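For reference, chains read A, B, C and D in written order, and residue numbers begin at 1 within each chain.
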Amino acid sequence: MLEIKLPGLDLKNPIIPASGCFGFGREYAELYDLSVLGGIAIKSATLEKRYGNPTPRIAETPEGMLNAIGLQNPGVDAIIANELPWLATFDTQIIANVAGASEEEYIEVIKRLNANETVKAYELNISCPNVKHGGIGLGTDPTLAANITRMAKEVATKPVYVKLSPNVSNIVEIAKAVEAAGADGLVLINTLLGMRFDLHTGKPILANLTGGLSGPAIKPIALRMVYQVYKEVKIPIIGVGGICSAEDVLEFLYAGASAVQVGMYNFVDPYICPKIIEDLPKTLKKYGIKNIQEAIGRSHHE
Amino acid sequence: MLEIKLPGLDLKNPIIPASGCFGFGREYAELYDLSVLGGIAIKSATLEKRYGNPTPRIAETPEGMLNAIGLQNPGVDAIIANELPWLATFDTQIIANVAGASEEEYIEVIKRLNANETVKAYELNISCPNVKHGGIGLGTDPTLAANITRMAKEVATKPVYVKLSPNVSNIVEIAKAVEAAGADGLVLINTLLGMRFDLHTGKPILANLTGGLSGPAIKPIALRMVYQVYKEVKIPIIGVGGICSAEDVLEFLYAGASAVQVGMYNFVDPYICPKIIEDLPKTLKKYGIKNIQEAIGRSHHE
Amino acid sequence: MKISNDKIISNEKIANDTYKMVLQPETIPIILPGQFVNIKVDGNMLRRPISVASVDQNTYTIIYKVVGVGTKKLSKLSKGHILDIMGPLGSSFPIHETLDEVLLIGGGVGVPPLYEVAKQYRQQGIEVYVVLGFNDKDAIFYEDDFKQLGCKVYTSTMDGSYGIKGTVMDCIKEHNITCDTVYSCGPLRMLEAVDKNYKKGYLSFEARMACGIGACMGCVCKDKEDKEMYYRICKEGPVFEIGKVEIVC
Amino acid sequence: MKISNDKIISNEKIANDTYKMVLQPETIPIILPGQFVNIKVDGNMLRRPISVASVDQNTYTIIYKVVGVGTKKLSKLSKGHILDIMGPLGSSFPIHETLDEVLLIGGGVGVPPLYEVAKQYRQQGIEVYVVLGFNDKDAIFYEDDFKQLGCKVYTSTMDGSYGIKGTVMDCIKEHNITCDTVYSCGPLRMLEAVDKNYKKGYLSFEARMACGIGACMGCVCKDKEDKEMYYRICKEGPVFEIGKVEIVC
């Protein structure tokens, strides 16, 4: 009742830890068997190793947090060499999140991952500031978003999901542009830009000044975007933003998501993903839903 | 130490209940003397009486709420006749929030309020869907935002503050457009668009489908926008979004706000405004701030 | 209206998912039958509106059903816990001294606010018919309490596991209750039926609320005739004269 | 590492804004000196990392200072309350059996994790010098506890209201302590000074954390030499060999 098939992804259940919130799974593998997961979206891969932003990188907010990690990762080659073979030992679907400071970097990362059999799909993180466009995220401009999608689709040998930024006036416009450019699916949403200030110093808490807001606080915004986009596109949507219970998953399915990702709540409760997977059948039953498929987009039906 | 002078507004302290969260003050006047408040932003006034949206209009979210009231108000003439004379009996500064379904409606509302001495400033609510522009808020397009500001400034006999929508890719662009069009100040931010779903029916909880997200959940977003806009404009900013303590006020001042508005927290604790006003001097002292002025924009200094 | 720190004196399950909580306020306010209190639940933003079921010397009682996170949390609280409560709020069921008999129609957790009405009428020696509707036998509560006041109590269940099978309207028909002044509280569909069948009396409504005191316009309903006229359920309501409010199910 | 529901056995103020909490876990894990636990505080998202000060039969002790909302809430909890705790986490202070003497340098709430180090060295009969730095007399704690272990304890305060006036480095100079193997924990400026003046030993660092287990990269620091190399304070740390980590104040 929990299975769901999406382009490239044969999910035994719709629960996927979100990129950046699960590393490459090693820490969580000490706590539970990763094979229980529907899939895993691994930390954003860039071409070269990246250290990321200076610290502090973390600030707490009401029912949420800000992060400004800055895409710290060992680089795509190291990921292929050290992380993917290990991840291949688990019975779960690996989604490679791809990022870069220029369009060319995305493409090169994808090229290197193409040959790897462990990776089942790509997730383009188009929220990060792009040096070629004056530090603007590709995700805030429909033309740029469509362009990188098209470029990715040209080289990718696996389905391409595009992970959209919520910091936009019109999410539907971006989603449609990305769909028209050939995206196989959408991931909604990345973090909202936020800030906190230190009461003593008067300065921003994060060394990077601003950071990405995630957690239950943003759930209503994520739900709204999934709902609006579902109405206007045909490709499947993976919902993400503030999920921390089977009830939350159900809300995202109703809104139009076909699967979901769990982000910062892994930090609050490292067992949250297996817990949700365990709760999901009871919860579906409680609300009279026979299977995941029946719940997807239910708010839009008749 | 708490006084602050802004265009048209001579505030004894920087605390102002936000529009729509305080009605016309009558309910709260039963609880405390409204003269303790720096000012009051009254419920959005439209030309005619408006009933607003169907119910349910309210949904709860983590550290926040959604509302879809739909600008229910008795219309500007009734406000002038019944509410403003009564509000005039308090020693506080009245800000009239102005809304409309077309530019002409805003202008007509302003014209009728011009003669009223109780109103010290206008606050243009440009977040509401505008019939003339296909239901898009004027606040998501810099040209439309500048245009309504210019029109308002032409007829207004009192300073005009523009209350911006946070549902935009680039808040600075809108803020600068509005400043260039003659705005005397900015109010940042209105609500973020969100949704919730009923687990039993699968349908959106709000009859209006979407609603405006407010409360502590959105505070980091509001702080970020105040910070970004402060860097780029010269006109004063009134900060709003999730404020529920004197510490929150201090964060907004650091970010660049000259005064603040308190919205949905009035519902959680109807005494929140007088409480914050009482706490503010201690809090400033605790963090070594001599007066409000010293805290404004502190995160940007040296 | 005031905000008060009320102490939980007891909090016990009285039926399926249904709890009865006795609260002791700092100072005892005047609470009229049908009024509600608005309860802050730790970790939730909006207060939960719950009707007052009965008022005693220096305590009052509420009955609530666990339907979501807030009422779930309430059900876990123990004796001695202090709750942040706003109230009493809203309009009340008027008690008339010139009536011979009244009919109280309650459904589910709409039953409690009628108890205080029954009490006050019985104190005046007026005949009180009480018709209660529940989903099933396990959901039933307060039947005996009404009987102890000397009311004539008739109960129905939707599944027929107790009393008359069917709605409260079925129950009234079945028992040939002819009293024409009603006081009613319960699910909207029930209120709609009562509104259709009676001309005299009062109905109590629910709505999702934010402020609870009339400031936010979150809880409005329309006048039945004048579509321009609206009422705030938290302020002009929750109790309205029958026929006054447009009922949209 | 595991998640455990630990019961508060006691929670008392031991100095200005400083509290000592004794906790009883469901099953007693092996906790090494210098490791920390990550505590969930009701109503807050991120867990609060706090070092373990000492480990006993079936309890362990933490010492924390009230600096913000989370520690404030902790300070209000009473005996019997159950806390959701993740741990033990991170690296530990290695205990060497071949040393003659060690010098522990602690500042403020950096003092507690050194207590278990002192205990283990004293159990081996090794000479332990302890230099403690506090802001003022009212902030002092644990001085006697170290003395009772048989350590040589020297205390300084920034305002001179007790012991040597000045920093821990002033105190070491003043008392001519020459021991060259140090274990240190405290404010970053203090660690910087210790790092500059000693070649042998261990430092324990702090960072704002999200996951606390090495997954999020929230808490990283850089290697002092190889700027490409980084460490996670929650995983490779919080304890590092002196000279290993780049210290940016």
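One rule holds for everything that comes next: contacts are C-beta pairs under 8 Å (C-beta built on N, C-alpha and C of every residue); 3 or more make two chains touch, one makes a residue touch a chain.
Everything quoted here is computed from the prediction, not taken from an experiment.
J.: Give the fewest steps needed to get from chain B to chain C, where each step moves from one chain to a chain it touches.
T.: Graph distance in the chain contact network comes out at 1.
J.: Of all chains present, which has the mean Cα position farthest from that of chain B?
T.: The chain farthest from chain B, judged by C-alpha centres, is D.
J.: Find the geometric centre of each of chain A and chain D from their Cα atoms only, then give the gap between the two centres in Å, rounded to an integer.
T.: It comes to 36 Å between the two C-alpha centres.
J.: Distance-wise, how many Å sit between the C-alpha centres of chain B and chain D, to the nearest whole number?
T.: 46
J.: Roughly how many whole angstrom separate the Cα centroids of chain A and chain B?
T.: For chain A versus chain B, the centre distance works out to 33 Å.
J.: Could you work out how far the Cα centre of chain C sits from that of chain D, in whole Å?
T.: About 56 Å, centre to centre.
J.: At which residue positions does chain D touch at least two other chains?
T.: In chain D, no residue touches at least two other chains, as defined above.
J.: Which chain B residues sit where two or more other chains touch them?
T.: 59, 61, 63-64, 215
J.: Tell me the shape of the graph of touching chains, choosing from line, ring, star, complete and other.
T.: ring
J.: Write out all the pairs of touching chains, ordered by chain label.
T.: Once each pair is checked, the touching ones are A-B, A-D, B-C, C-D.
J.: Residues of chain C touching chain D in their complex?
T.: 42-43
J.: Give the list of chain B residues in touch with chain A in this complex.
T.: Residues of chain B touching chain A: 59, 61-64, 66, 140, 167-170, 192-197, 199-200, 202-204, 209-210, 213, 215-221, 223-224, 227, 242, 247, 250-251, 254-255, 287, 295, 298-299, 301.
J.: Which of the residues in chain B come into contact with chain C in the complex?
T.: 20-23, 26-28, 30-31, 43, 49, 51-52, 54-61, 63-65, 67, 69, 72, 205, 215, 264, 266-271
J.: Mind pulling up the chain D residues that touch chain A in the complex?
T.: 1-3, 40, 44-47, 86, 207-222, 227-228, 230, 235, 248
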